[in-house]
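Structures follow.
Below, subunit A partners subunit B and then partners subunit C, in two separate complexes.
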Partner chain A sequence: MKTGPYILALALAAPATSSAGPITTNTALPIHDGELIVRAQGKLLRATGDPGPRDRDLTVWAVPTVLVYGATAKLALFSVIPYLDKDLELTTPEGRTSRGDSGLGDLRLFARYSAAQWDSPGETLRLAPFIGLEVPSGRDDKSDAFGKLPQPLQLGSGSWDPFLGLVFTWQTLAWEFDSSISYDFKTEANDFEVGDLARLDLSFQYRLWPRDLGEGVPGFLYLVAESNLLWQDRNQISGSSDSNSGGTTWLLTPGLQYITRRFILEGAVQLPAVQRLGGSTLETDLIATTGFRVNF
Partner chain B sequence: MSRENSSAGSFVRLKRLGLSAGCRRKFLAGAALVLTCATSANYSWFPSAKEPGYRFTKSWGSTGSAQGEFLQPIGIAIDDNQLFVSDAGNNRIQVFDLDGNFLREFGRKGDGAGELGRPMHLAARAGKLYVAEYLNDRVQVLSFDGQALSAFGASGVGPGQFDAPGGVALDAAGNVYVADFYNQRVQVFDPEGRFLRQHGTTGEKGIRAGRFNYPTDTAVLPTGELVVADAYNDRIQVFATDGTFLRKWGGPFALNISGHWPGWFRTATGVDAAPDGSVFVADFYNHRIQKFTGDGEFLVAVGTHGTARGQFERPTDMTVDNTGNLYVVDFGNDRIQKFRPQR
Partner chain C sequence: MRRATSVTISFLLCFLVLPHGALAEVTQVSVVVDGLSCPFCVFGVEKKLDAVAGVDGVEVDLKTGVATLRLEKGAVPDLAAVQAAVEKAGFTPREIRLTAVGTINVDRRKVHLDVRGAETRYLLSEDGGRVKATTRAELERRAEAGSVVAVTGVVQQRSDGSVALSIDKLEEVQEISLKVEGMSCDKCAARLTRLLGEAPGVSQATVDFNTGEARVQSRGGHLEVSPIISVVEDAGFTATQNDPPPQHP
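Then we have the complex of A and B:
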C-alpha cells in the first residue's frame, strides 16, 4: 500500500504542556515546587483532498494526557502519553476501505528548566530551555489484509527520538505572550525514518472578562490567538528519500480559555494558512482541540 | 385531466419558476425524452427478470488462513475442472474441484517469482494462471501448480506499467487485458506480455464513453469484444476488438447513477463472460450478482444481502462452468458459493 505520511498526525501526540495559557504550544511559566498538574486534551485531525488517485481521507483522534511535576522551583518534569485512533479511508477495488489502529502512542518525557526571569509589578518575562526523549511505547507493527500498515499509520514510531527547544513567556495582568521553538531529531526504526520536525509556535492570550480585576472573581475568560509553523524533512524509506513526504505547514489558531484557580477549560481550531507539502502528502483540513487542566 | 391540460399545467408551473418560454419548452421536451427512454422496451431502466434464476447448491470457506479458509478472497477463475481462488489477504491461490474440495495452494507474501502481493482477479487457460497483483504492480503467469512462468509490468504510469492492477482477461489469441485500477485505464498486451494499446486516459477519471472511474476487472466475450467493469462509474463498458467503444450499461444512460434496481449497480467490482456470451457482474454494494446478455439486456439477479446460504456480503467476482453452474466469491463472508441454474 502506497500511502503518504501525515506530518501533523505525529505532532498531535505533542500537546501544549504548560500550566499557563497556550493551547497548542508551551509556556515558560514555572510550576511550584511539589505541584502536580494533570492536563488532558481531545484533538481531532482531518486531512483530505488527496491529490493522488486513492482518494485518501485521514481522521485522527488523539487524547494526550500530560502529567507535570514541579521538581524544584525552576525544574519541571513532563510526561505525555497519547491515546490515538488513526483511520485512513481510501478507494480500493473492494470499495472504500479503512485502515488504521487505535491505542496508546509513543511516550514523551522531557524536562524544562527556568533559565532566566525578569520580574516587575504585574509583569514577568521567563526563558526556559527544554530537552526530552520520545520513547517507542506505541505499537509499530500492526498489519491488516493489505499487509503491514504504512509507518505513519502506526501508533508508534518504533524509534527513540530526542528533541529540544526553547520557550519564552511574557505575562502581564491582562495578556500573555508565549513563543516556543523546538526540533525533533527522528531516528530510524523498521527500515523507516520519519523526517526531522522543526516548529515555531506563537501564542497570545488576552483577558476578555472580567475587564477589571477585583476580589471575588470566580474565573477569567481569555481570547487565544496562536500560530504554528511546522517544517518536516522528508521521510527515509530503506535509506531513500520519500518525495511524498515532508514540507511546511503554517496553522492559525483562534481559541477560548476559561480559567479558575483549580482548573482550565479550553477550545481551539487550528486552520491551515499555508501548506507546501511533498508530493501526494495529504493536506490538513483542520485540527480541533478541546481540553482541561486540573491543578493539585 | 387530459394530456394537453397536464402539459399546459406543467408549462404554467415552470413559468412561475421564472423560466423563459424557450427554456420551458426545452425542459418539457427533455422530460418527455427521459420518460420515453425510461419506459421503452429496449432501454428499460427498471427491467424485470427474463430467466428463472439460480438455486443455491453449496458453499465453502470461512475466515482464516488454514487450507480452505479465506481472508478477503477476491478473484476466481475456472479451467480444467478446477477452481482457482485468489485469497488476497493470505497472499495465495487456493485450488478446489467443482464441488469445493480443497486440492492445493500456492504462493506466499512477497515480490519474488512465485510470490504474491495481494492477488486480485484471475484468468486461467491451457495450464497457465494469470494473476493481477495489487501490491506488486505486475501480472504474473503461473502454472496450475504454482510454478512461476513469467511476469510483466512494473510500478508507474507509462505503457506497460501499473498502479494496482485489479483484473485480467484473455482473448482467443492469448492477448491479455489488464484493468489498471489507479491509472484509470485498461492495458492490452500480446501473449508475451508486450504492450499493445490502452483504453482510457492515464490517471484521469471520466464519465464519457471510453473513459473510466477505477476499472476493476475485464472479460472477453466469445465474439472477442472486451467487457470492462467500470467500478466507480457503476457501469459496464464494451469495446470492439480494435478498441472502438461499442456500448455501456448500468442505470440511466450509464452515467454513474447508482441504484438497487435490476440493471443498476452500486460499484461493479467484477465481470465475467460465460461461454454462451452472457455477462455476469459482481454488484458489490448491492450484494448480488447480475446477469446480462452480451448486449446489456438484464436477465436475472442472484443473491441478497446477508450471511445465510445464497446471500452475499459484498461479492467481488464469479465464474461459470461448462454446465452453467455459477461460483461466486463472497468477499465479506470469506467463502465461495455455488449455484445451479433453474430450468
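Then we have the complex of A and C:
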C-alpha cells in the first residue's frame, strides 16, 4: 500500500494556540502570566475517491488535547497530544478489509513568544514566533494480518521533528485577523521519512452578535472564515522518493465560534478547494472540527 | 512609552500612602486597558487585578476598556501593582484614574490636594496652568475656606518629580458623624452601613461596631442630620450627632 493522505493527517495535529482566535490555526493573542488553558477538539477526516482497484477509503477520528501555560505574559508553553483512530478500508484479493490503529499519537511541544505588540483602545496587533518539537510518543510499529502497517497508518512517526513558525494577529472589538506561517522539518525513522510540511494559514472572524456592545463583558458570536494552504514534500522510503505522496492542498473553512470570559465553543468544516497531490494519494473530502477551550 | 508609564506609577507609590480610616480617602480606582478586545482576554485582566492587595473585586467594561476596582474597606490601593497586573495579563495600562478626598492648599503659587490623613499631595494646578472642570480662583477660594473636596482625575508623573491629578470632577464633601446605640453585633453594623449608604444624598457610609460611630459622606450635595438619624432609628437603633470636626478659619 502506498502512502495515503498523510498531509491532512498532519493537519489534524497541527499546532493550535488556545487563546481566543482561529479554529484551525494559530493566534498571537496573549496567555496571561500563570494562566492555564485546556482545549479539546473532535476532528473527523474523510478521504475517498481512490481511482485504483483497491478503492481505499480513509476515516480518521482525532481528539487533540491542548494544554497551554502562560510562563510570562509574553512566553506561552503548549503541549498537544492527539488521540487518533485511523481506519483504512480497502479491497484485497480476499475481499474488503480494514486496517488501522487507535491510541495516542505524537506529542507536540512548543513555545510561543510575543515579540511585538501594539495596543490601543479596543484594538491590538501582535507578532509572535513559535518553535517546537514533535516527540515520537505514538506507537509506530503496529502490525496486523497483512504485516506491519504502512507508516501513514501508524499512530506515531517514530521521528523527532522540529518545527517553527510566525503568527500575526490583528484584533479589534468587531473582528479579528490572524495569519500564520510555519514549517515542519521531518526526520527519518523506521527507514521512512515524511516529507517536510509548510503551511500558510489565514483566519478572519467577524462579530455577528451582539451587534452593539453594551456595558460589561457580553459573550461574542463570531462568524469564522479560514484558509489553510499546505504543501508537503514527497516522502522518502529507504532513501527513495515516493511519487505517491506530497503535494499541495488548499482548504477553505467556514465556522462559528462563541466566546465568553471563561470558555469558547466552536465548530468548523475544512473543505478542499484545491488538491494537487502526488500519484495515487487520496484526496480529502472534508475535515469537520468541533471543540471547546476553558481558561483557569 | 510603557517604560515611562511604569516609572510614573512606581513613583506614585511613594506618594500614595493612605490611612486605614473608616472612610477610604481614595474611594475608587480605575485603569484604562489598551489592547483589550475580546471576552476571553478579559478573564486574565480580571484575575490579575483581583489578586492585587486591597482589591475586593473588578468590573471590566469591554467597550471602553475600563477596569474598575472595588476596594476593600480602608484598603490601600497599590497602583504599581495595578499596573503590573495589567501587564502580566498581556495588555497595556494606559492611564489610572482615581477619586481622592482631601483639602486644597496653595503653596508657592501651586495648588495641591492634600489627601486627608495621608502624606499624599497631588498637584492640581500651578500659576498659569490650565485647570480642568473648575477655575484656579475657585480652587483658591476652596483652599481659603478649608473645604474638604473629592477630586476625580488621572494621576500623572511630572518631570519635576511632582504628581499631578487632573481635575475631571471636583465635589464638595460633607460628613456627618453619629453616635449609634443599640447595636449588638457586627451584622447590625453591616446592615446599618448598607441602609445609610442607600439613603438619599449619601455617597459613602461606614459604621464601626466597636466604637459605635456611624459616618456618612455626601459629595456635591447637602446632607441634613435629621433624615440620617431617621434611617438609624428606622433600623431599630438610636443615634445622636457627634460634634462636627473643627473648621478651618
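The working rule: the second predicted complex is superposed on the first by the 287 of 296 C-alpha atoms of A that agree within 3 Å, B and C clash if a C-alpha of one lies under 4 Å from a C-alpha of the other, contacts with A are read in each partner's own complex, and residues count from 1 in each chain.
Methods note: a contact is a pair of C-beta atoms (placed from the backbone, for glycine too) under 8 Å apart; a residue touches a chain by one contact, two chains touch by 3 or more.
On a predicted model such as this, the values are computed, not experimentally measured, just so you know.
K.L.:
Using the superposition described at the top, determine whether subunit B or subunit C touches more residues of subunit A.
P.N.:
C
K.L.:
By the touch definition at the top of the document, which applies to A:P93: first (subunit B), second (subunit C), both, or neither?
P.N.:
Touch status of A:P93: first partner only.
K.L.:
For A:A128, using the defined touch cut-off, is the partner it touches subunit B, subunit C, both, or neither? Pick first, second, both or neither.
P.N.:
In the superposed model, A:A128 contacts neither subunit B nor subunit C.
K.L.:
On the A-aligned overlay, A:L84 touches which partner chain: subunit B = first, subunit C = second, or both, or neither?
P.N.:
In the superposition, A:L84 touches no partner, neither subunit B nor subunit C.
K.L.:
Looking at the overlay, what does A:R54 touch: subunit B (first), subunit C (second), both, or neither?
P.N.:
A:R54: touches subunit B, not subunit C.
K.L.:
Which holds for A:G147: it touches subunit B only (first), subunit C only (second), both, or neither?
P.N.:
The first partner, subunit B, only.
K.L.:
What part of subunit A is shared between its subunit B contacts and its subunit C contacts?
P.N.:
Residues common to the subunit A contacts of subunit C and of subunit B do not exist here, since the sets are disjoint.
K.L.:
For a test of understanding, state which residues of subunit B touch subunit A in their complex under the given definition.
P.N.:
Per the touch definition, subunit B meets subunit A at residues 71-72, 74, 88-89, 109, 117-118, 120, 134-135, 163-164, 166-167, 181-184, 203, 214, 216-217, 231-232, 267, 269, 284-285, 314, 316, 331.
K.L.:
For the complex, which residues does subunit A have touching subunit B?
P.N.:
It comes out as residues 1, 52-54, 91, 93-95, 145-147.
K.L.:
Applying the document's contact rule, which stretches of subunit C touch subunit A when the two form their complex?
P.N.:
Contacts found on subunit C: 32, 34-48, 59-65, 87-92, 94.
K.L.:
In the complex of these two chains, what residues of subunit A are touching subunit C?
P.N.:
19-20, 29-35, 70, 72-74, 114, 117, 119-124, 171-173, 176, 213-220, 259-262, 264, 293, 295
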